[in-house]
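Below are two complexes that have chain A in common, paired first with chain B and then with chain C.
The block that comes next holds the complex of A and B.
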């Protein structure tokens, strides 16, 4: 049973007010800033989906590029190479990602992997996926795939680029953050946190570790894959070096960690702050002094992590919400 | 470290204000009636070598054009370059293009823009309709994209094929080939065009030895080549893979095949530095021919002059293919702007389509026997390049095509 806190969040005028306000931004922002916010929302969605595994159950998965790649490259290949509608591609890719997630969770349980071993195994999966994508013509190989132009035909999974893509990403990000809130307020969330804090103790008190871990991984993988499909539709170019590279997972982990690992809104906060910061810094400084934006970005990240190791969300709560009102008490 | 609401406020306000103020600080020194050209380069990241060599040449040539009176048909308007760094990531090329077009209001775009970046840029250019000159892309999908790069088919693949056939005609015994190429986007593309061409010319492909671009050693690829012992080993190879391949060849002391490849992995001047003179002399000067768009010894007056100018006047310390390609881009942009009836997108597009720089033109720096024009696919009509052989003194001799050739190809120089 999901606790009342979730339904209170769902009925919160704050939440829907922020979403509504966000939805109006493309009306006043230029195409460039709308694009930056769209990318930020992509990462909000990805970091929040990763949080279900990495934050709540404490499994630092680096395999999420595998799920993003599945969602992006497989659905793109099905469309470009076989002419399969991208809605169907989304479902096929999400099912495939879910299956891969279940396999990874089973391997983790079957071989009783420790934290470090789990990280390395998932990294190996991600690297293998990257090599497969770059070497398999059907998925576009190293050249990637160029999708047909987005003319806004909804039935063909097209949203008209720009504003349409922004709204889709806003919707996806909102849903995935709400899934986080729901899980944190459900038995699954409690099981996952118990497993994260002490797996053996969780097992001893009757938590079905395999089932809970698998459930978390499958939910996370499916959501990640769906975001991957929407992202590649927005980009139009399915770039294997972006969408199937383990580097994207590192970015997701960074955003989630800086925002607040294991919190419902933490990864979203991290992505909403760091993605625009990185993009704007590069835009303003990248051309003048190459690499300077990386330096400043790195300094900001280091300062944030040193100043508030548990993430920005707890800091914001301390600074601005003396009594946490809209955030779930988790 | 303890953060209060006050210190947090001061810190974030400074960061935001600094970021927002930066463009105004920069704009204060910009000229009034300039023609804005956005330059998207990979100034950082894995592909930064292209721009780091080429960008100083581009800046020098644009300064020269501005000092010479700017764009005369536009009232002497000066060209203002607005730089952007895509950090070698195609998705960011698209982001930067959007910023340059919508925020900086550039009239044209140019920059390294390799093929993956070109693909990522395509939807942005189709949407915002700004003519773009890529310096290196091997394809052009958007109607607004033109490229000075070698087309995969009639550029890289055709040149290597034609040279291999010419070797065979020159009594080199060539019947079999192994395709050994850097296993990345451009390497795969060129390979897909080269294989059918070689087969059509009666050369049997007896195997492939693709080079893993992440590998730290290419000995396994070289062992495979040695086991197949083809007459020719050919493909597009990056500088890094080339260094590893040549090292492996040296270590295995393999000289049983002729290596014909392009571009950086066979022709880059830095190969000697990375391999060292002993290894370089043993493998580069023996049974090896390299495809390149630039060679200091090529019999092209305008190329020789620009090399001298970049070295003696601009004081550039690294003048290779990258520098020449960027210098050429500056001249193409100048001619397009001069010929264009206005700075509107359609007029600029029309000027690109009608662009013609014949062979012998003093501003033609690259080796194009048929001059520089864009075909209907917006790539160069004459996509051909030169083939060179290395000399023991680390110099090069052009051996193909015959228009620019300094010497006949030899198995050992």
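The block that comes next holds the complex of A and C.
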């Protein structure tokens, strides 16, 4: 099922060294920096989940706010309005997101959408989703939903805020990056990359395009929804303008592209660099000249994309990785 | 028994009748050569057989089953695979990656990569495993088309001008692999402009002109057919 490279990655002291070191950061960092890193990990997880569709099969989906929103708003509503345990809410939301993903993949195939039509249709789905959320009181409407205080009760999907949330996000981000490694080392990864590069040729060598694209979209949607649920628990407030708005997808696409599309560690790298950069710029400059931090942030992004169009990861690899050969080639 | 049967296939593109009631059969283990001038409809015929083009009328049977309208990927998994005359490129993957995907049709991933490397070596691309197909020469892209087909472990391969542009010396590797697979029972249908190559390989020949089959015979007979000489060989006959 999966090539040995995946198991080599799983056994890599580098991987677990980095994760363990990361896990110790909240012990030494202030709660402010722990918060920034938690948000960065949310985006590592989201960008890596998006990568399965956007990077590997090359379908620039803007529908992912729909999946984040499903994971966040639906599980929050189920808890607040119906008293349904958030673990169950997580599963229900993830299943719903998976179904929505399958429907989008089917529409894409049935109507043979080109790249641009796919982008626009997925954006339309996201817009519709945000309208539904804002207009439907069950999901909190425009004013959102306030979750009960996080008292650290694990059985209620509570992790004690702060450090607990950081560890949950670190775990989720690690798992989703490893899912990327697993897919790239399994038939699905080969199928998706072939479809991305040449759909007609992929069919000719036996690739079932509908099935593989649907599989990718469902995996991506389910993972994204799970992150959405964990994120809303951390935020405690289910804000539709953050969690169900297409803007969040644009950020995800940006991080994944800057880091390296279609690569297992690319989107993670992009999010880990850009989220803290954005936060620090805002903290240092946001008060001085309004909008200056956005401007500098934009320049950094433009320079990176122009300098290394396939992303930072290929650049980093050329600089150190291949030489050390400690990490398996993905 | 015939492995592949094409039964009165027609294909109309708007006002153009690209195929007009073409019928023929290929025996299991045979090598059918298809020749005909440019624009005769050969590539369209391959499109119909491989499921990429829906015929306006007529049917195709493979291994005793009617396959008209079945999707190309399903046909490949059933053992009927085609190459493309217009070589297909891949932006990001290496030649080995692409052929590995083809090998996954019938092999688990742990074997697929080694098998793909083996197939690439056999067609003569052993030194180019890690190159992206986009950077390969036209000849190498043609060999990659052959390698992709072979790696799917098919019963029948449709080859659309894979030898075009190769020097006589360069045709040796693909001819060798075609012969070897044919000995193992793989059936071939080949469109080829390189007449000496097709004469060496084919067990039977079909000639198409303006979408119609104008002749069908053994290779040594076909060059004597006056219609064929007129339509196709013309002044090239003695070349």
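Rule of thumb we're sticking to: the second predicted complex is superposed on the first by the 324 of 330 C-alpha atoms of A that agree within 3 Å, B and C clash if a C-alpha of one lies under 4 Å from a C-alpha of the other, contacts with A are read in each partner's own complex, and residues count from 1 in each chain.
Please note the rule applied: a contact is a pair of C-beta atoms (placed from the backbone, for glycine too) under 8 Å apart; a residue touches a chain by one contact, two chains touch by 3 or more.
These numbers come from a predicted model, not from an experiment.
Judged by the touch definition given at the top, the superposed model places A:141 against chain B, while chain C stays out of reach.
Legend: residue contacts after superposition of the two complexes on their common chain; A:254 is shown touching neither chain B nor chain C.
Of the two partner chains, chain C is the only one touched by A:194; chain B is not. Of the two partner chains, neither chain B nor chain C is touched by A:99. Using the contact criterion defined above for the overlaid structures, shared-chain residue A:285 touches chain B, although it does not reach chain C. Of the two partner chains, chain B is the only one touched by A:236; chain C is not. Of the two partner chains, chain C is the only one that A:206 touches; chain B does not reach it. Comparing chain B with chain C, more residues of chain A are touched by B. Across the complex, chain C is touched by residues 1-4, 185-187, 190-191, 193-194, 196-198, 200-209, 262 of chain A. On the side of chain A, the complex with chain B involves touching residues 30-32, 35-36, 39, 134-135, 141-144, 146, 149-150, 161-162, 235-237, 239, 241-242, 277, 279-288, 290-291, 293-294, 300, 306-308, 315, 319-320. Chain contact summary for the complex, chain C toward chain A: residues 50, 52, 71-74, 76-77, 81-82, 84, 88-93, 97-98, 100-102, 104-105, 108-110, 112-113, 148-149, 151-152.
The touching residues of chain B, counted against chain A in their complex, run 1, 3-5, 8, 15, 19, 22-23, 26, 39, 43-44, 48, 82-85, 87, 89-92, 94-96, 98-99, 102-103, 115-116, 119-120, 122-123, 126-128, 141, 183-185, 187-189.
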